[in-house]
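I'd like to ask you about the structure that follows.
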């Protein structure tokens, strides 16, 4: 399972290295969202500053949606579904590999976005332990739930519209949790943030277990 | 507090109306589809 | 309410006397009559006989349908998850259709809960919507249910739809729990405007308690009646989809009649 | 897969055994009760009009399409109860290649071969055999011609060393050189103990290659008289069979 996961993750990351779709399209999109928020909210009245954690995670969530769509569109090539089933790869390994690849891409994106927030919104980043743990846990949540619902929507003509409908309500707790944890970290009260990290960890665990068990049956059909 | 009766009435009408419409839609579709399925496959009949 | 019009509508049917051509049966007819009686009694008690609340006045009368609807919405959601688990375990279509029917009815009940909650909120809070923990998580429940229903209605083969929907359905209850938990924490960090802490002046007792109890009975009966009919409707839908497979196998074999042409060629 | 394992004498049980196999595509019965037996080391040609069910038959044998009724045993695995177990032992060359357009030829062959736990040496050998070890190696698959993609796809299959080869129109889209390679690969595979089932419209070439011909029409299979004495039946599993081909 681990061998297969690393193989699939390596393949997806190599694919990104060769095509640079995430780097050339998704990262600029995320930065653009940050700029648009500044247009929508008056940056001088401290509104932007107060809303920074929320805006940051909304930007991550939407970019994550794009990254997930991309992760499944590379598997949508003709005959790829059959090839995966014939390959002898463990479905749980495929799931973990895709989660890993999406997580790595999102983490890079989040670092770039954090730099963007620090520069554009003049946010002073602090409370590092909580900040880093929140980023890792929330990213795992988005990647795990996204990959599971991504395969539910995969292979259907309505994929692009179905995935957000399925995924966004489910990720609402992650958005709330990561935003509150960031507020706590930036506000210098990290003790308020840790329960949220706990809740998100439960979420991540739930979706990893569900994905490991459910990916096989979902890959298998017709 | 007389105006609250308006809200109460609205709530009850909307709720009962929704239930009624949903029930009728279910029944009507059930009747339409029942005709296409032989009775031995409708175990409740 | 429903059944016994039983027109033997067309001669194609071999045994029109086998039963009414509907999703109704004797059992559901009795259940339907009971439901109507219960709803009538509920209206009488909730709107006429029970006293108004010392704080909320007559607005409290919305509670007798709002609270039972909310409870049954969550019950339906639980049934959908149970049915999904049983489908994945036993691969039985019966359970999948139970899950599907409950999810659809739960979505209707959730919508009703939201609307009554908003209408109740207007006289109580002065606005239709507040970011109350219960109201917000109920709105999220509706979205989660709509996602499940969208997957179950995908234009695909039954086993594909059922399997995908069951995985989504399986996660319904865990999702609802996590959403509720997060929304609760989110709101309680700031303020606590729930309907009950802010609302009722007097304790619920006497006729009010009885009316609420009656609400649970009546709405519960309605839920059961709808569930049976919706399940049978879903069953019919799948029967019609499955029908004709036998016929198409025969038609396909007939194509083999062309084989002579092929054997002749080198 | 070790060679000595493949070189075992012909087992009594056939590699493919179908009786009244039905496979549905949605509600359409693409296979409407197929009977088919194939012994080890045979090369079987499936032919028939478009839409006859050739592709579905190959996909069913690969364990991709469920057999909903009838008997179906491939390589000793019952497809009706557990079709997944057969997948890593068969190789399917389909119309769609299933390759990643944005990865290079070498990336693709390596990924799919490693997924099947193939040896690194086999991967290189397979690419060399199909003429993919030169300039093409580092070209992304999206820029290949149809024939070159087909070769890449074949290289993935060869590196896996399957026990049962299922080739859906393997000659289509290939040049003369490519077709010769396919034929040679097929003969080598059966010599090493594998079994090959292929569908083709290129009857001149395929009839020459095949031991048996099966006609598929209307989702049913009809065996035809053999075009020529089969190598394996004349000298079952014997080394002299190579001389005759």
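Brief remarks on what is shown
A, B, C and D label the chains in the order they appear, each numbered from 1.
In the analysis below, a contact is a pair of C-beta atoms (placed from the backbone, for glycine too) under 8 Å apart; a residue touches a chain by one contact, two chains touch by 3 or more.
No experiment lies behind these values; they were computed from the predicted model shown.
Among the pairs A-D and B-C, the greater number of C-beta contacts is found at B-C. At the far end from chain C, in terms of centres built from Cα atoms, lies D.
Per-chain CA centroids place chain A at a distance of 40 Å from chain D. Taking each chain's centre as the mean of its C-alpha atoms, chain B lies 12 Å from chain C. Averaging C-alpha coordinates per chain places the centre of chain C 50 Å away from that of chain D. Centre-to-centre separation between chain A and chain C, using Cα means, comes to 32 Å. Counting partner chains per residue, chain A shows two or more touched chains at residues 222.
Each of the following residues of chain D touches two or more other chains: 26. Taken residue by residue, chain C touches two or more other chains at 157, whereas all remaining positions touch fewer. Chain pairs that touch one another, listed by label: A-C, A-D, B-C, C-D. On the chain C side of its complex with chain A, the touching residues are 88, 140, 143-144, 146-147, 150-151, 154, 156-157, 159-160, 163-164, 167-168, 170-171, 174-175, 178-179, 181-183, 185-186, 189. Considering their complex, residues 22, 24, 26-30, 32-33, 47-49, 203, 215, 217-220, 222, 224 of chain D touch chain C. On chain C, the positions that touch chain B within their shared complex are 1-2, 9-10, 13-15, 18-25, 27, 39, 43, 47, 52, 56-59, 61-62, 65-66, 69, 105, 108, 111-112, 115-116, 119-120, 122-123, 222, 225-226, 229-230, 232-233, 235-237, 239-240, 243.
Interface residues of chain D facing chain A in the complex, by the touch rule stated above, are 25-26, 59, 62-66, 84, 87-88, 90-92, 94-104, 107, 111-112, 114-117, 140.
The touching residues of chain B, when paired with chain C in their complex, are 1, 3-5, 7-8, 10-12, 14-16, 18-19, 22-23, 26-27, 29-31, 33-42, 44-45.
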